[in-house]
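Heads up, the next two complexes both have chain A, just with different partners, chain B and then chain C.
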Partner chain A sequence: MKDHLLTWLGAQRSILRVLLPLVIVLVIGSAFHSNGAFFAWETHRAVLREVSVHGILACGMTLVVVAGGIDLAVGSVLALGAVSIALLTMQRGWPAPLAVGAVLAMGAACGATSGTLVAFFRAPAFVASLAMLVFARGLAKLCADGKKVTTHFVGPDGLDRTVPLPALFEGLDDRVIGGQLSVVTLVFVACAGVTWLLLSRMRIGRYLYATGGNLEAARLSGVPVRTAVILAFVFSGVFSAIAGICQAAQETHGDPETGMGYELDAIAMVVLGGASLTGGRGNMGGTLVGVLTVGYLQKVLSLNAFSLEARLMLTGAILVAAVLLQSRAMRGTEG
Partner chain B sequence: MGAALELRSVTKSFVSTRALGGVDLRLEPGEVHALAGVNGAGKSTLIRIIAGALAPDGGEVVVAGAPVRFRRPSDAARSGVAVVHQETSLVASLSLEDALLVGLDRGPLFGLLRTKERRARARRMLDAVQLDAPLDTPVEALPLAVRQLAEIGRALSTDPRVLVLDEPTSALGEADSDVLLDRVRSMRERGVAVLFCSHRLDEVYRIADRITVLRDGRVVAADSVRRIGRAELVSAMLGAELETTPPMRSERSSTRRLELRDVTIEKRGSSRRELDRVGLEVAAGEIVGLAAVRGGGSEALIAFVAGLSRGAGAMTLDGEPYAPRSATEAADRGVLFLAADRRHSVIADLNVRWNTSLSALRRGGRGRWIRTERERREVEHAAKRVSLHTGGTSPDIERSVRVLSGGNQQKVAFARCLMAEPRLLCLHEPSRGVDVGAQRDIHALIGEIARAGTSVLVASSETDELVSICDRIVVLAAGRIVGAFERPFDREALAHAVLQTGVAQS
Partner chain C sequence: MRRRSALELGLWFLTIAGAGCGGEKRGGRGTRDSPWIIGMSQCNLGEPWREQMNRDIEAAAAKHDVLKMVFKDAQNDSLKQRAQVEELVAQGIALLLISPKETAPLTKPVAEAFDKGIPVIVLDREVEGDKFTAFIGGDNEKIGHAAGEWIAKALGGKGKVVELKGLMTSTPAQQRHKGFRDAIAGQSGIEIVFEADMQWLEPNARKEMESALAQQSKIDLVYAHNDPAAHGAYLAAKQAQRNEGMKFVGIDALPHEGVAYVKDGVLDATVLYPTGGAEAIELALRILKGEKVDKKVTLGTRIFTKESVERGGDPIP
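On to the complex of A and B.
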C-alpha cells in the first residue's frame, strides 16, 4: 500500500512541482491578506478577469513551445487585433461577426508568416517572431494613425463623430452567472479547452510533441514537421487576435501601444506550467496553473500596496526562482 | 632501436562484451603500420586507448620505452602521440587559421592576440603536410581533402613520435587519397611511427610496411605486408568460419514490391555521384541487403527510397509510380525508414506509447482524434511482438523511452514501424550499438516482418549481419551496383566484393 502511494507520488512529481509555486503564492497571500481582502470572492474574480487576456496568449504560446519554438510576436499581434477590431466595428461600421472573422484571419496570417519562416526558411523561431513583433506593432500604429482608436473620431467627410460603443465590446466585458464571471474569462476557458483538445486528444498534438522533442526523429518517422510548426504558429496568431479583441473590449478602445511585454508574461506562464523551452514538454493543465500563479502573484503584491516598480522587480526574481526549480525537477526526472 | 609505441597484452571490457582480449602491438619509428579488422574487431577501442580517451583494464602502454598511463587525450599528446580521427574535428565556422589554433592560444585572457605569430604558426602546420591553403577561408568552404590534410598538419606540429590516422581517406576521392598517402610516406622518412587504419585494402598494400589484424579483440595476424597475401588477409579478418549459410528461408514471392530504374544522385560540389544509374527490384516479403564501405552508396540508396533525398530516375511501388518528396510522403505510401542513429529513430522525451503510435497516426481509418483505448491496445500488441522489456513482467507502455536500454529503444523504433503496417521497411544499421541478445531479437524480428509480407531493405556495414538475415545481398561501390549475391552466400566472395571495391573507381 505504502509502495503504491510512493509510486503514485513519484509519477505525480512533475505535477507537484508545477503546483508548488502556486501553493506558495496562495500561502503568502493568505498570510498577508490585507485585512481579509485576499479572501473576498471579488479578489478572485478580479484575478480571473485580469489573467484572462494573458492566459489566452499563453494557450497559443504553449502550442508553439511544445513544438520547440517560441512566439515573441503575441503582444504585438494582440495590439494589431485590438486596433483592427476597434477600427472595423466603430469607425467602419462592420457587423461584429464579419469584423471578428477578419481579425482572426489577420492573426492567422501573422502566425502563418512566422511559422513559414521557421519551417521552410529555417529561421530560428526567436528571430522570425521577433521580426513579426516589430512588424505587427508598426502595422498597428499605421492602422491607428498613432492614436487610440475610439468611438470618437473624424469621419471621411471631415466632421467629428461619436458612435455608441458596439455591442460586441459591451458583451465581451459583461459578466455572466449572476455577475460572477467575466465573459473574457469564459473566452479564455474556451481557448484553454481548444488547446487541451489539440494537445491531448488530437493527432496534431502528437506531432507537436514529436517535433519539439526531436525534430529529426519526428521527420524520419513520417511526421509532417513543417505543417506542425506552421500550425502551432497559426494557432498562436489566432489566439493573439482573440486576446486583442478581448483587450479592446476591456479598454473600450483599440490602443496600438497595448500588450507591450505581454509575450514575456505568456512565456513565463508556460514555463511555470512545466513546459521546456527546448520543446517536447508542456501541457495545457500546467499552463493553466502557470497562468494562475502569475495572476495571483500580481494580486498579492498589489493588495499589499507594492509599487508598480517593486512589483516588476519582484515578479522577475520570483520567475527566475520558479524556473530554476523547474529545471532542477527536469534533471531529477532524467537522472 | 626501441619501439616508438608498444602495447603489451592490453585488455578492455565493456558492460556486456569484451572489446580487447590481450592485444600486443609494436610500432617502430619510421614505419607505417596498418591496423586491419572488420567492424567490431576492436580497432576503435584500440585507437581510443592509444589516444588516451579510454583507459585499458589491463596490460601496459609503453611510449619510447617508458610505461605510461593516459588519463585524458592531452596526456597522450604530451607523450608525443597524435591522433587524427575519422571525422574531421576542425570547427567548421572558423577561418582555417583560427580552427587550427583552437586551444593553442596562451597568455592572459584579455591579452592581445599576436597576429603575426599566429599566422606563422598556422602556416608551419600547413607546411608540414606541404599544403598551400588560404588561411582566412572558413573551414566549411574548404574541400574535405584540405581539411583532412590540415588536421594532420596540426597533429604533426606537436612533433609527435606516433601518429594515428583513423580512416583518413574514407571521405576522399582517389586523387586526394594519393596526395594524402604521399604525405604519409614523407612522415615515415622523418622517423614518425604511423598507425594507419583503413578499410581500403589497396591503400594498405600501397603504403604499409607491417600489418596487424584484429578479430574479436585479439591479434590474429601480425607480419610484414609483403608476406601476407590479400586472400590471406581477408580470411584473417573474417575468421575461419567461412561456412556457407543455410539456404533461403522460404519461397520468394513473385510480386514485385519496389523497382528502381537508373537512379542517379549527383553529389554537390563534386564530379562523383552518390548513386550512379542504380537499378534494383525487391519482391514482396523479400529481405535485400545493401553492402558497401562507407560512402559506397548503400546509405544514399535507402535514403532515396525513403524520400529523404532527391535524384533522377524512376521508382515504382507495387506497380504504381513512386516519387516521395519527404519521409512523410513515403510513410503515407507505406515506406518507413529506421535511422542508424538512435537519436533519430526514437524521441527520448516521449513515452513508449507515443513513440510507438507516431508513424501509425496517419494510416487510413484514423481520423484527427486519438482514440486512447484503441491506441493502448495496438501499442501493447506491437510491444509484445518486438519483445520489449521495460523492467517489469509485461511492457509498461507509459514509461519514458529515455530510461530504456539501447536495445530496447531500438525495439520501440521497430514497434513504431510494425504498428504502421508498412509495405517496405528501410533499415540503416538495424542493430548498431545494441548487445548480442537484443541483436538476436532484432534479427528474428526482421525475418518475422518479412514473412508477414513486408519487404525489407537493409543497409549495414556488418557483412555478418546481412549474411544472417538477407535473402539477397547487393554490393555497391562508388554509387554503383558492383555485385549481387544469392543464398547460400559465399562469405569470402562477398567480403572480397565489399572490401576490394573500396577504392574509388575511375
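On to the complex of A and C.
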C-alpha cells in the first residue's frame, strides 16, 4: 500500500517537473509584465497563435520520438507545404479542399519516404530525415522558382497578374469566438487531439511505445514495428504540411525559405515535455506544456525587448535547467 | 531551374571545347561567334534580393550578344564560393563578377584571379586590399538616412515609432539603423517606443510587432530594415485592428515584394537597395573593351511611395 502510494507520488512528481519550467516562465512574466501587457488577454491570444505552427510540428515529432526516431525534415516539409498551397490556390486557382488534400498527400509522401528508409532499409532516422530535410527544401525552392509565391505573378501568357488572397488564407489567419482565438490555434488543438488519441487511446499508440521502448522485444512479441515506424513518420509529414498551410496563411504567401531551424524548436518542445530521445517515453500532454513553455519564454523576452544575445542565452539556460529537472524526475520515478 | 541546367550543359561544352582547341583565346574574343564569357559567383541564391541580382545581370547580359554568362551559387558557404571562383578561373573566363559571402576568405581567390589578368568586378560586399578592378555597391547608411528623412516628414516631426531591426551582427542592419537614427536625431518629437532584432525574418517581425502592440497603446509608424518585416508588422497590426492610420516603411524594394506591397497599400514607403546587376554588365563591357573605369561605384537609391510607385519611384539625391 505504501509502495503504491510512493509510486503514485513519483508519477505525479514527473508531471510536476514537466510543469515547473512553465510555471517559472509564467512567474517571471508576471514579475516583468511590461506595463501590465503580460496580463492582457491579447498577449496570451498572441502566444497561442505564435506557438501554433511550432506546436503542430511538435505533435508529429512526439509520435516519431516515442517510436524511437527523430524527424529533422519537419521544417523543410513545412516550407514545401507553404509553397505548394500558395502555388495551387493562388496561381493555379485550385479550389481550397482539393489543394489542401494535395498538400497533405504530399506531406504524407515525404513522411512515408523517410519512414520506409528507416523501417525497411535500416537507415538511422537521423540520416533518413536529414536527407529529406535537404531534398524537401530543394523541391520547395524548385516549385517556387527561388522566389516567394504571392498573389502577384506572371501568368502562362507572360502577363503580370494579381489575384485576390484566397479565402483559405483569410480564414486561417482569422479569429473566432468573438475574436478571442486564432483559427491556427484551433488547428493546433485539433492536431494535438489527434496525437493524443493515437498515443493514448488507440492500438497504434501502444505499438509506438513498444517499438520505441525496445525494438527487438516489440518485434518478437508480434508488434508490426515497420508499420508503426512508417505511420509515425507519415503523421509527422502530414502535420508538417498542415503547419506549412498555416504558415503560408499567416504570411499571405508561400516562402521557400520559411521554417528554417523549426525542427530544432519542435525537438526542444518535445524534450521539454518529458519525452526521451531514446524512444518509448513521452506524451501529448507533456509536449503541450513544452510548447507553451517555449512560447511564453519567447513572449516574455520579446515584451521586455531583450536583446537577441540575451534571448538566445536565456533560452539555452532554461532548456538546460528543464532537462536537468527531467533527469531528476526520471531518477525519482525509478528509485 | 531550366536556366541553371542549361548553364551546366554550357559549362560541359566549354570544358570539352576548351580541351579540343587550345588555340582559342581565353574567355572568348568578344564577337558573336566567340563571345566573352563572364563568370558570376553569387554567395547565396536563397535570398530573394540575390536572386534578383542574378536576374538583373542575366537580363542586362542578354542585350549583348558578345557576352555569355556562367552563373555559380555558393549556397551561403565561403569555402564553396572560393572553390567556385577557382573553377571559373580554370575554365578560362574573360571577366569575373563576384558577390562575396565574406570579405576575408574571398580576398585571396579574388586576388589570384586578378593576378592572372582576369578583370574582377566585386558586387555588394567588398574584399580587402586593391586586387580587383572595380567595386559596385549600395550605401545602406544613406538608405537608412533616406528612410529616416521620409519618416520625419511623414510624421510631421512628431510620433511614436517602432524599429524592427535586421540581424544586428550584420553590417547592413547596423548601417540601416545608424542612418535612420542620424536622420531623426534632430527631431525631438519622434520617439522610438519599441525596438527589436527580427533577424530579417517575417514571422519574427510579426511576433515582435505583437509585443509592441501589447506594450504600447499608441504607435504611429513602423520602420523595418527589410520589406518582409514591414509586411509582418502590418499583418500583426491589421489583426489587432490597429493598422488604420499606422504607417509602415520598409527597405529593399524588390519588384515582387516591397514595390508590390506599396502598390497594394500595405506599405507607405520602401527604399530601394539596388542590386547593381545591370550596372555591373555595363561596367564589364567597358572593361573588356579596354576602357579605364572607376575603382568604386556607389549606387544611387530610390524611394517608392503611394504617389510615386506608378512612375517607378523618386530618386534620392
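We adopt the following convention: the second predicted complex is superposed on the first by the 324 of 335 C-alpha atoms of A that agree within 3 Å, B and C clash if a C-alpha of one lies under 4 Å from a C-alpha of the other, contacts with A are read in each partner's own complex, and residues count from 1 in each chain.
Note that in this section a residue touches a chain if its C-beta (ideal position, glycine included) is under 8 Å from a C-beta of that chain, and two chains touch if they have at least 3 such contacts.
Just so it is clear, the model here is predicted, and its values are computed rather than measured.
*Asks:* Name the contact category of A:G280: first (chain B only), second (chain C only), both, or neither.
*Replies:* Only chain B is touched by A:G280; chain C is not.
*Asks:* Hey, is it chain B or chain C that touches more of chain A?
*Replies:* The partner that reaches more residues of chain A in the superposed model: C.
*Asks:* Quick one: is A:A210 in contact with chain B, with chain C, with both, or with neither? Answer first, second, both or neither.
*Replies:* After superposing on A, A:A210 lies in contact with chain B but is clear of chain C.
*Asks:* Would you sort A:S221 into first (chain B), second (chain C), both or neither based on which partner it touches?
*Replies:* The first partner, chain B, only.
*Asks:* Per the contact definition, I'd like the list of chain B residues that touch chain A in the complex.
*Replies:* Residues 306, 308, 326-328, 330-332, 336-339, 343-350, 354, 357-359, 361-362, 366-370, 400, 402, 416, 420 of chain B touch chain A in their complex.
*Asks:* Touching chain A in the complex: which residues of chain C?
*Replies:* 1, 45-48, 51, 167-168, 194-197, 199, 202-203, 206-208, 210-211, 213-215, 231-232, 235, 239-240, 256-257, 260
*Asks:* Going by the contact rule at the top, pick out the chain A residues touching chain C in the complex.
*Replies:* 34-35, 37, 40, 42-43, 46, 50, 53, 141-142, 145-148, 150, 152-153, 173, 175, 247, 250-252, 255, 257-258, 298-299, 302-303, 305, 307-308
*Asks:* Enumerate the contact residues on chain A facing chain B in the complex.
*Replies:* 200-207, 209-210, 213-214, 216-224, 280-281, 333-334
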